[in-house]
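This report refers to the structure that appears directly beneath it.
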Amino acid sequence: MSIGPFLQRNWLGAVGEFDRAECIMVGLPYDGTCSNRPGARFAPQEIRLASHGLETYSPVLDKDLSEIRFYDAGELDFQFGNREDTLSKIEKAAQEIFSENKKWLGIGGEHLVTLPAVKACHKKYPDLCLVHFDAHSDLINEYLNEKLSHATVIKRISEFISPEKLIQSGLRSGTKEEFQWIRKNKTLFNTDDEFFSRIEKVKNTPVYLTVDLDVLDPSIFSGTGTPEPGGLSFNELINRLIALQDLNIVGADVVELSPHYDHSGVSTLTAAKIIREVLLIMH
Amino acid sequence: MSIGPFLQRNWLGAVGEFDRAECIMVGLPYDGTCSNRPGARFAPQEIRLASHGLETYSPVLDKDLSEIRFYDAGELDFQFGNREDTLSKIEKAAQEIFSENKKWLGIGGEHLVTLPAVKACHKKYPDLCLVHFDAHSDLINEYLNEKLSHATVIKRISEFISPEKLIQSGLRSGTKEEFQWIRKNKTLFNTDDEFFSRIEKVKNTPVYLTVDLDVLDPSIFSGTGTPEPGGLSFNELINRLIALQDLNIVGADVVELSPHYDHSGVSTLTAAKIIREVLLIMH
Amino acid sequence: MSIGPFLQRNWLGAVGEFDRAECIMVGLPYDGTCSNRPGARFAPQEIRLASHGLETYSPVLDKDLSEIRFYDAGELDFQFGNREDTLSKIEKAAQEIFSENKKWLGIGGEHLVTLPAVKACHKKYPDLCLVHFDAHSDLINEYLNEKLSHATVIKRISEFISPEKLIQSGLRSGTKEEFQWIRKNKTLFNTDDEFFSRIEKVKNTPVYLTVDLDVLDPSIFSGTGTPEPGGLSFNELINRLIALQDLNIVGADVVELSPHYDHSGVSTLTAAKIIREVLLIMH
Amino acid sequence: MSIGPFLQRNWLGAVGEFDRAECIMVGLPYDGTCSNRPGARFAPQEIRLASHGLETYSPVLDKDLSEIRFYDAGELDFQFGNREDTLSKIEKAAQEIFSENKKWLGIGGEHLVTLPAVKACHKKYPDLCLVHFDAHSDLINEYLNEKLSHATVIKRISEFISPEKLIQSGLRSGTKEEFQWIRKNKTLFNTDDEFFSRIEKVKNTPVYLTVDLDVLDPSIFSGTGTPEPGGLSFNELINRLIALQDLNIVGADVVELSPHYDHSGVSTLTAAKIIREVLLIMH
Amino acid sequence: MSIGPFLQRNWLGAVGEFDRAECIMVGLPYDGTCSNRPGARFAPQEIRLASHGLETYSPVLDKDLSEIRFYDAGELDFQFGNREDTLSKIEKAAQEIFSENKKWLGIGGEHLVTLPAVKACHKKYPDLCLVHFDAHSDLINEYLNEKLSHATVIKRISEFISPEKLIQSGLRSGTKEEFQWIRKNKTLFNTDDEFFSRIEKVKNTPVYLTVDLDVLDPSIFSGTGTPEPGGLSFNELINRLIALQDLNIVGADVVELSPHYDHSGVSTLTAAKIIREVLLIMH
Amino acid sequence: MSIGPFLQRNWLGAVGEFDRAECIMVGLPYDGTCSNRPGARFAPQEIRLASHGLETYSPVLDKDLSEIRFYDAGELDFQFGNREDTLSKIEKAAQEIFSENKKWLGIGGEHLVTLPAVKACHKKYPDLCLVHFDAHSDLINEYLNEKLSHATVIKRISEFISPEKLIQSGLRSGTKEEFQWIRKNKTLFNTDDEFFSRIEKVKNTPVYLTVDLDVLDPSIFSGTGTPEPGGLSFNELINRLIALQDLNIVGADVVELSPHYDHSGVSTLTAAKIIREVLLIMH
């Protein structure tokens, strides 16, 4: 075909082939256990469109997407509303990617999508640390009588990654029992100082980074299922992400944008910009 | 307590006690199998608020809510995301209501909530007819590999209510196979004439009425999961409902409002007004 | 009736009976003097719905709504557009509640609803202090030729509570004359330091707390009649509220949410969360 | 000043001077008795902006705004929230305009603004007929204990213009009592045939035309205080307006746009286009 | 790569290769001459996402997208804001496609994109007829001193396709001069009868079909630059499209969705459904 | 005409005559080179309406609009979509205003409107400094092959105002090349300290101030073409503006509000409030 040129349909700056890539971006359009406002299923496709409004260069990191090689694989096709199918497809895809010594970057969807990816990552890297940004602790044991849910995901992960390898930040909502567990296990690092000094100690460990975007204050991120006032500003989150750039991040995900709840488009754009920075710090 | 008076919190015109009522309104806040735009879970509570913007009198029916006795039971409390729990709680509630010789009025929620209510109704009234307003035929056998879904609900019902007792109206979207079934079984009555003469023939039969609000054109009803252009105008639907007022409607539901998709509030108000008319024709 | 269980329709965590409660929550759906963008009349019912998206536990206060006993009385039924009827119904209800040695928590509605409640409170507690969070000073003598208005409410209160018992915070808009009065009477405590040291001095005095939610920056609270850029962040307001927890707060209100101006739902949720914290610090 | 040219700030096609005009357009930004969704106060200024998106030529009337002479006087400055001041300012302005043998075109605002204009008009033209388009009958005697309200305006007018001079069209909501009055007095002409033959009979009488825009179906006009499904389509209303063009319309108003409830801008644009047609048929 | 399966990213039902296709869909994201509300540049990508909410089967046509072969080429990459570059890229692409005896389906963008496509089409098919659905006549000679604009596009086309080969439908806005031209040249067929009998006469001629979506009433299609009340209902437009299915349509386009002006998503979905029907009638 | 009084239609606090004014406010409704989300064309008229929701008094500056004399000239009438006509009309108007020793206050529109105004200003004041608030550096040489664009405006200005007279603040997005230029030429002063000490040095120089409102964080200013998370809070920007009040500001503009992208109205109100402060510091 000689007509053209045509606009790029992949994520801004993505390379054309899976094989050339060091990092694989996979869309995870699932929101089946979201008990409050659903819609995270629409996030991966909307973030991809918004990515083309960004520059490829990050002034705060002084890096450019042209320096890295990532592949935009598209959205996994889940059997609708089937949680087990969803979890098993994610785990299988992540295993495959880790087995080729590539990095995983999941684009949620709701937070439950993190569980199978961390499982696959942990099999490959048994001493894995988890860095967890979130407004909610996600440490409930059973949520509405359900063991696999966006509200229990970190609890399930804590059954195979011990609390001393869990670094949480931004948490500001949960039950009394969850916060008692957090205080007992000292997993929460909410101030800059606490967070930066904790991060110093995991420089030689493989790290999985999970960013629940509701860690941001709803002033900058209203498009999410359970907005929680009192969160991080965009720059506060970016500064903590910058602190991670010397770590060995082997897998990551960015979850919980529900784009239809923010008609201004700012939430979707913010998600895209954070993913750009995550891509650059994973390199 | 002597402070007050306070505003009414029940549905406009509801009576205060279950026992005095001839009709029981039950909210069914479930949208777990909605494959497109979710949010029908929020419908019952939003419709209740909107009902207070209506008059109690219907000029087209020349009837007033003060002439009937219905009870607003509130929303059933489902185990979140658990389809089986949802279906069984609805069936149990409907059975109880039918066993007391009262009428059932379900407020969805997505269309799957109709299945257990019709099951319970059919047990009580074995010669039950189903009048079904919808944009979609909901006759798929398995939707995304799933037998119980908002897209299969009428197919499931057709397994115990035979096609000659099924009266569909407003349908304008489906697969080729669904429309072949419809043509073979002659269940569709899309013009006024077809519909009115079909209705004439069920005057001596107990009837369950299910209104999927997306039967309306999206111009008047944009707040739904799967809007489908080319639907009925409000007055066209009302005229068909008026035609039902001489029937013996023993149960009914009104489903598939997803209120967050219509910021003007018109969809929610329209749902409330249709429910008012349904209440009046059930009397 | 044996059908159910049903979802709770009262405010999250409310107790079932007036008599058992130490604090009575009363909705005040009035916005008749709002000169800019109306709609605060819709706030109480919307906040109640949003409250069910919150946890009952507050990590910053380490307290849970289960530890307190408050009653959700519903919305007072005002004669529409009749300011005098509105003011007298509020005053009567507040008097009754104070006479039973219970605490008052008004949910506005516009700011004028504060006047009758403070009047009733002041009769019971003649040495009452007023803590006033707001973007606007509300100290105009006559607004658009009107002595009773949301823009004059604090001026009216200052006619029976002397300026030295008035503690204002967050103010950033007004006429030259208003700010001259404020400077002369030293009622404004806009920085953390000023506010915290002023609060220290009223620990032995009964306090009425009025929170005009537009004290928050419009970035986190756009759903209000007169948004005013340059306000407090959510955490700044919460920290000032925490500072009040050792005071003897005998009455309070939270006013000026106009929910239809924020389609993201964040403003309504923020109002609900602030009310939760106010409930917990009143205990 | 030689800089320029500048865009026109008056209504599309308005002439520059009061004296040259045969028709005076007056904005009436009042919504104080609107019991449901307020905001009609913002209508006149928003309609003026939207008018510049229209053509000056009407194909259905084959007339152009350049053929008539109307003056855009701006919005009357009411004492905020003061109903009496509002009503008296309108009556005074209308009297002045009628006394100069000019025509009045009021742009609401809520429907109560019609009362003083019709009063002034009736003094000048004692055999005045009223043509009334509306969804609501506005015939309540006292609404929420109030005699002067948007819900009672036609009742008040019927106290000095007798029912046989009242021509109502589009009505579809009201109390049982209101519809009994309507049926008894035969004021309602809801079908095209009824309306057109009734209009034939007032060709020799001065006419005041009042268009409550909620006569339109909410599908085309969602931006109003009390949307009422089942209304006229745009073309149905236009055809009835065209039928009026041979009458002697001496005064008119177009009321009840609440622009903030329709973010698409369609309601405001529709209001502007109807006003253009009203201007052309008044000529 | 063995991970997957992934969701389809092309238009619903598109085939994978250019060469196999009989019809080529090309996105034309340009809105540079839109004088009112811009944003049609965002239409092609949004319509593609929305297409996946449709069924592949059309009940009114009893045809399925699986029966045809069309290729989704993506969006042409225009030099931003450069009208000449835009027009020449479109013309070149269309020429190429016509030269391979394939059909052209352009997805606007604003209406000016039709000009170069019709030019290319006319070169290939010199006896080409143009069927033009629109609210506006687009027959101005110079719009705001500009000869190439969305408001002049049909005028420019009429310079090489004579008026007797021009069939216009749905027009309801324009200047007096435009409507004089239309009446003189008898190009307008606004009623069903007029349109259907005119269409009968072009059965043996190659036809280019251009659908400016604002031909639809704003009740169903608010998301456009210049909404114009009084338009066709969805079914009225579909019926006229069905009437075209026996013609030899060699090229077509669907233009003027401005998706950000309709937050309900209905306009975008409606555009997608109309394109599905256009695809099916071109076959 | 003796009817009235009428509401003011000019900007809040404007004087009635050009000749009496020291500062002339000119609306510049152009957005033709905006490559992302258009709509800045609507800003001047919307800001004017919003200005009437402000007080005339600024507490942070302790100044009142009544102390200054500015004239609201209205919006320039550009030949639509014609960049050259636009630029030349702005330059001519600015020249005229500077030639009468008045100050220029442009209300955008997109950022390209700054170029002709600065050109005219620089002719009058050859030692002019430029203070530039923005999220984007606008220093690209050719944007999408275009030399005159909102993304190149500062680059074009830097061709006649040397970099040492350029003071940029708030920048956080651009290409690698742009940031290399910035670092080489030391034009960026992003922290308070850097900015305040740089400003100290231009107290004796005429200054042109250009505020691209996207310098603000999207949390407070979502209504813009290219929102960029991580920006200044409202108070941070105001503090930097206050620092300018001892400078000799001879011209200024405030650009890039795209009002339709923020339905809450906060962005438009924020723009109006910043313009009020700019008016007060120019005095």
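The letters A, B, C, D, E and F name the chains in turn, as written, and every chain counts its residues from 1.
Heads up, the rule we're going with is that a residue touches a chain if its C-beta (ideal position, glycine included) is under 8 Å from a C-beta of that chain, and two chains touch if they have at least 3 such contacts.
What you are looking at is a predicted structure, and each value in this text was computed from that prediction instead of being measured.
Visitor: Note the shortest touch-path length, in steps, from subunit C to subunit F.
Guide: Shortest path length, in steps: 1.
Visitor: Can you spot which option in E-F, C-F or B-E is basically A-B again, with over half of the contact pairs the same by residue number?
Guide: E-F
Visitor: Looking at A-E and E-F, which one has the bigger number of contacting C-beta pairs?
Guide: A-E
Visitor: So what's the Cα centroid distance for subunit D and subunit E, whole Å?
Guide: Roughly 38 Å separates the two chain centres.
Visitor: What whole-number Å value describes the gap between the mean CA coordinates of subunit C and subunit E?
Guide: The separation of the two C-alpha centroids amounts to 55 Å.
Visitor: Between subunit C and subunit D, what is the separation of their C-alpha centroids in Å?
Guide: 40
Visitor: Where in subunit D do residues touch two or more other chains at once?
Guide: Subunit D, residues with two or more chain partners: 37, 217, 219-220, 261, 263.
Visitor: Determine the shape of the graph in which chains are vertices and touching pairs are edges (line, ring, star, complete, other).
Guide: Topology of the interface graph: other, matching no listed pattern.
Visitor: Where do chains touch, given as pairs?
Guide: A-B, A-C, A-E, A-F, B-C, B-D, B-E, C-D, C-F, D-E, D-F, E-F
Visitor: Can you list the residues on subunit F that touch subunit E in the complex?
Guide: Interface residues on the subunit F side: 31-33, 35, 37-39, 41, 79-82, 143-146, 149, 260-261.
Visitor: Within their complex, state which residues of subunit E touch subunit D.
Guide: Residue positions touching the partner: 36-37, 171-176, 179, 217-220, 222-223, 226-230, 261-263.
Visitor: Considering only the defined contacts, which subunit C positions touch subunit A in the complex?
Guide: Interface residues on subunit C, with respect to subunit A: 53, 55-57, 59-60, 62, 64, 217, 219-220, 233-235, 238, 263-266, 269-270, 273.
Visitor: Could you list, by residue number, the parts of subunit F that touch subunit D in their complex?
Guide: It is residues 1-7, 9, 18-19, 24, 26-27, 29, 45, 49, 73-77, 92-93, 96-97, 263 of subunit F that touch subunit D.
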